[in-house]
Structures are given as structure tokens and as C-alpha cells.
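This is the structure I want to talk about, given as C-alpha cells.
Labels for the chains are A, B and C, by order of writing; each one numbers its residues from 1.
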């Protein structure tokens, strides 16, 4: 970890211009189970592609980060993994997103089930205006898991490293918590429905540095049992937490702004020896 | 440079406009005085106890009886039945418009719903009397020409836009982030609507109910034409009833001599009606302000 | 998780919630259908019964105990005159009050806030109470005009005044403050800025709101019943004479036992609805035509 950090800090220049092909499977590691297999994904909002031709694989029990300048489609991309883009009427999705071999956008796949398996935490903490207990219990109740609710709530809060702080005030309103606590509550809420994957869209960008560190520590803990995918605009954060990093950029050649995947590799490679010049420019701070 | 004092013409303009504004204040004061003075006169001759607790209303007969409860019961009966229609369907329409309808659909449906509210109440009264009642009879429902049911059903439908419009405003004001959070947990639309949006919008929704009830209580023409003209203390909607408003209209349009106790019943009943609706309106305004504060 | 298990998990319908989902949607659509079906039934019924009676007699003759020669001319004229009175009075009063509240009044003063609450309350007072007000103060009492057309016009004005005020306020509020600041910076007085810049800009919005308020006034019956609208009027109404109006005539005919009067009522309803439709269409046209995007 500290190697990577010092590399970034020194902004060590790298050499190759290379091809703009995304790289899969890092060399030399034990083979990891593929959880998501994205093939040539293009997302349009009423005509203009916000994201085009993206292909990559997400590995199990790893933290994968999407980085890139604003407007490059990272949030759009991550929302494809749990079909949240379905909620936007003008959005169309082309290409495939395979989850353990099954097409998420298949004909009889119910997005509601997708979202129970693949959970999401949002940029701005959005606890429901209910009690802390009812927030965490919401998911299980909705799924009909009424037994052992208390145990479930406690376990989720423990996993989110929030239990000790709230165990005596579970009936208090969730809105009485601090920003960092609210975000951990949202994580606990997501964990309560027993997902396999947790998507996080800039989970710490609205929080103070101390809360951010706690969330990052959580990601380390959680990746043992879950697969984590995060979007972050903070390169240092990606360098700290992610095993794999995907760098996105904006392509203006066709008139509009379309997001494309530039490079996808082990985090260490992305930050010390990127293959693409654009990646190097971004991580060394020359733009974006 | 010439020293200019305050332009007095500006003060004149402001004064004139303030006077215009006072017209509305004067109206309220006038309403209160118009109701109170004759009512006080009335209650000097008829005891409060008789008015509010006895159950025989026959002010134009002799011996005259002044128990207002049949009129209040008539109003309540019609209001309750009307709300049994207006509240579920008004809320349903609101949920559809807010959570299910596409923007283009909503742009057409919302104004269309307002048309319902724009039909004059005398037309609704005509409809209740000449269409709904015969239809009910044809269906085998044992109602006479005048009955509370037909009037209440039509009134309920008339009130649907009131409830739908205000509830929909309250629901649309709920931030999308809350819905996203719930969808992200694997909820379906029904669950998001009922477990997240409606509870979050509840004060606006209750405000709409209260406003709807207030409108039902204050409505005159539908009940005047279709519900009947004889006071009747009952909770059976199949019978005919006379509401407070219908009574006021009937006596007010009639020939009771000015200044008599019988004539002053208009004001006593009017005062009762005014106090009821005024209280409800205050509650509704308070609730709307509360939900606007939370989200805007 | 195995591929088969995943496949099942993704596809497995939650049976109970599927059925509930459809049932709920059915209830929502039913909610809409109830209102629209009733509206449709009402319109069909009125047209079916009234169209045959929509003829010269209805429009040009006076009421009569003989339904064959009864017409609604006094009522139609009464409605038109009332509309005129209400328009002439409510526009200056309503716009003036709105201007006072938006441009001149200090919001922190308690009396101005009371004024606002007062207007909101007045907008929700039952219309028959306005009738009582008219009976006590305008027909009799201090103003003492008697059961005449002007009384009806005054009371309807008071009835719709809150609505006009609220609509005018919204229109004035929509005018961006940059317009005001620009004018004031040039040395114009507040009133000059209002008269020359703000009012013209707010005019379309106010016109729309006023027309909608007027269409409410036209349909009101209850207050007029108390102001003497139910008198038998077989001549053209004058400002200070007995009067009647279209909704009153409809009420009158509907309440008659003879079936033919009911049919006449349907004809009069068509007239009234046509009038309302025209006014609302005008309001919408005005709004679309002149709505500025700031």
C-alpha cells in the first residue's frame, strides 16, 4: 500500500504510449472467479451515448474502482450493474452484462431480484426518515424476512462498524446521525438484504476525512465476504482501497461527450506503469 | 442638486393599494359580524343547550323546535360517505400521477382531472338527482327520489381532484434519493410508493383530506337538489337528509320574515358551519406549511 | 453461488408480490377511471337530454310555467352582466392587493402576514357563507341595495377575490427581480417600475388566473340563492332590479317535478358548460401564447 502511495506522490513518469485496449486478468495472481462480465456495453440517454463500447470483468472478493474525470460515465456505468438505469425512462442499454454467466438484462430477469443480490450505496447518504432500526430492517421486511429481524439488524450494523455507536438508540431517527454515521447506516441497510455485491457510487465524497477513512477501512473488511465496486473521483482513494482500477475518459470525437474505458488493470499498474498515455496524464495530475 | 423629499405620490399609491388589500380583511370581519350579531340575538331566545343537544329541528313549525343535531348529522353522513369515495380514489389517482405515470401522461391527466373540479356544483346536483338516483333504483337499491347516497357519491367524485392534486404535490416533493435508496434495496414500485413515498408525504396528504372534508361540509347545491329537504337524524344513507347548507339555502331563498327567530336560524346554523370549516381550513393550511418546510 | 442457483435467483418471481403489484396498479387505474367515467356519463346524459332543447326558444324567450315556451334569456343576460361586474371589480381589487403584498408590504410585519393567512382562509370559506354575508350587509344592512343584480355581482366579487389575488401574486412573483432592479437603477420610482415593467410582464399570468376565477364565479349558485336570485324573472335584468342567472335557472328547472323542465335544464347546462369551456380554452390559449420563458 505504501509503495503505491509513494509512487503516486512522486508522480513517477512512465513510458509507454501503447494501445488503448483494456487489459483483463493481471499476470501472476491466482485466478479469481469472475462475478461480472461486461461485453461491449453502450448506454444512451435518448439518442446520445453517455458510455460506449465498454468491456471488462469484475473479480470476486476484490475492490474494483472506476476513476476518471467528471462526465465520463462512471456513475452511469456502475448503475448498469444493478439495473438502476431502468428507472430513467430515456435510458437504453446495449451490449451485455453477465452476472456469474447470466445476462442481467435477460428477458425474464426481474430487476427487483437483481437489486437484492447487487446492493448499492449512494453518494449522498439517503437514510429514510424513519428510525435507525427501521432503516436497516426495511430491506428484510420488504423481502418478507420477518424472522430474527433483531439479529439481522444487529449483524448488519456490526458489519458496517456502526453497532457500538447506535446500539442504545435504535429507535431514534436516522436523521439524527452525523453524515459519516448516516453513510455507514446506508451500508448496513444494504448489507441487511444479504447481497453478494456492493456497489458504491462515490460513497465518501460528501463526508469529512475521518469518516472517509472509516468507510475505506470498511471496504477492506467487507471485501472478504462481498465483491465491492466503487466509483471515485479521488485517485488517492482508489490507490488506497482498490485491487483493480478502471480508468474512464471522455471521447468528444463524434460531437457529443461519450464515456469510454481507457485502461483496466491492477491498481498498482495503473498508478505506476499505465499502458495508455491518457491514463498517465490523468494519474499524474496533468489533467482532470 | 435640488433636494428632493420623499415623493408623496408614492405614498399615495401605497396607501391606495393597502386600502384594496383591506377589502379582504373587511370581508372576513363582515362575515364574522354578519354571523355573530343575529346569532347572538338567536341564542338570546333559544338556549345553547336546546340548539346543540336536542334532536328535533322544526324552526318553521309551531311549536318550533331548535335542535340542530339532525342537520349536523345530515352533513356528517354525506361527508363521511363522500370521503369514502374521494379519499381512496383521490389518493390512488395521486399515487398513479406521482409514481407510475410517465411525464407525458401526467401532463395530460393532471389538467383533465381538474376539469372534474371545474364543473359547477348545480350540474352535479342535476346529475345526482336525474341520473344517479334512477340508476341506483334500477340496480335495486331501495332509495327514494331524495336520498343521501346519490348526493354523497357525486360529491365524493367532485372532491377527488382536490385530494389528488394536493396529495400529488406532496408526493412529488419527496426527494428522488429516498426512492433510489429503496429501489437499490430490491423494493418494487408498490413497496416504494406505500412504504417510502406516502409516509414521507403524509402531512401534505392529510392536509388534502382535511381540505376535502371541508369542501364536503360546505357544499350546497348537490345536497339541495338530491339529498332532500326534511331534517332527518339518521346514519342510513338510503334515506333523505337535510344538511346545514341545504337548510340555509332553503330558508334563505324563502319567505321567512326578517328579524324573526326562524329567520335568524340561518345565522345560527351558518355560524356553526363557519366555525367547523374554519377550524378545518386552519389545520389544513398548517399541515401544508409543515410539509413545504421539510422539502423546500 | 452456482450458475443454476444464480439463474433461479434472478428470475424467481416473488409470486405474492407480483399479484399484489398488479392488483395495486388496477386500483390506481380504477381511481382515475371512476372520475373520468362519471364525467363521461354526465356529459353524455346532459347532451342526450339537452341538445334537442337547445333552440331559439331556450335562448331568446323568458321562463314560463309552460315548459314548451320557457326560455332562459333573463338568466343568460344575468350571467353575462354578473360576469361583467365581477370582472370590473375583482381585477383592480385583486391585482391591487397582490401588488401591495408582493411589492410594498414588509413581510416581517405581523399585520401583513395576517393579511396573507386571511386571504388563504377566505379562499376556503363555503360559498353559502358568502351568501349570508351578502344577505346581511349588501342586500340589507349598511349598503342596503336590496335583492338586485348589483348585490349579486358584489358578493360574487368577494367570493372570487381571494382566488384572483393568489393568481395575481403568482404572476407577479414570476417576474424576475432583474426587471425591477433595472428600472429602479434608472431612477424610476417604484410605482413607475411596477406600472411600466412589472405589470405588463405579469399580465398574461394574471389574465389566465382571472379568467379561471371568473369561470368559478359563473358556476356559483348558492350565494345567489340568498341574494334573491330565485325570484321569478320574466324580463331582462337591470343593474338595480331583480335578476336571475344561468345556474339559478338550472336549479329552478331541475327542482320542478315535470320531466320536461328537467330536459330544459339539461339544455341550459349545455349552455353553461359551453360558456365555461370557452373561457377556459381562452385562458389556456392566453397562457400558452404569451408565456415568457425567463
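The rule is simple: contacts are C-beta pairs under 8 Å (C-beta built on N, C-alpha and C of every residue); 3 or more make two chains touch, one makes a residue touch a chain.
These numbers come from a predicted model, not from an experiment.
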{"item": "Contact graph of the chains (line, ring, star, complete, other)", "value": "complete"}
{"item": "Inter-chain pair with the most contacting C-beta pairs", "value": "B-C"}
{"item": "Computed distance of Cα centres, subunit C from subunit A, in Å", "value": "54"}
{"item": "CA centroid of subunit B to CA centroid of subunit C, Å", "value": "16"}
{"item": "Contacts with 2+ other chains: residues of subunit C", "value": "17"}
{"item": "Interface hub residues of subunit A, defined as touching at least two other chains", "value": "112-114, 143"}
{"item": "For subunit B, residues that touch 2 or more chains besides their own", "value": "188, 191"}
{"item": "Subunit B residues touching subunit C - in the complex, by the definition given at the top", "value": "7, 9-10, 13-14, 16-18, 20-21, 23-25, 27-28, 30-31, 33-35, 37-38, 85, 88-93, 95-96, 100, 109, 112-113, 115-116, 118-127, 129-131, 154, 157, 160-161, 188-191, 211, 214-215, 217-221, 224-225, 245, 248-249, 252-253, 258, 266-267, 270, 273-274, 277-278, 281-282, 284-285"}
{"item": "Of subunit B, residues touching subunit A in the complex", "value": "102-103, 175, 177-188, 191, 195-196, 199-200"}
{"item": "Partner subunit C, residues of subunit A touching it in the complex", "value": "99-102, 104, 106, 108-110, 112-114, 117, 143-144, 196"}
{"item": "Residues of subunit C defined as touching subunit B within the complex", "value": "17, 20-21, 24-25, 27-32, 34-36, 38-39, 41-42, 45-46, 92-93, 96-97, 99-101, 104-105, 115, 117-122, 124-133, 135-137, 140-141, 158, 161-162, 165, 189-191, 215-216, 218-222, 225-226, 229-230, 247, 250-251, 254-255, 262, 265-266, 269, 272-273, 276, 280"}
{"item": "Footprint of subunit B on subunit A - complex, ascending", "value": "82, 84, 87, 89, 112-116, 119-122, 124, 126-130, 138-139, 142-143, 186, 189-190, 193"}
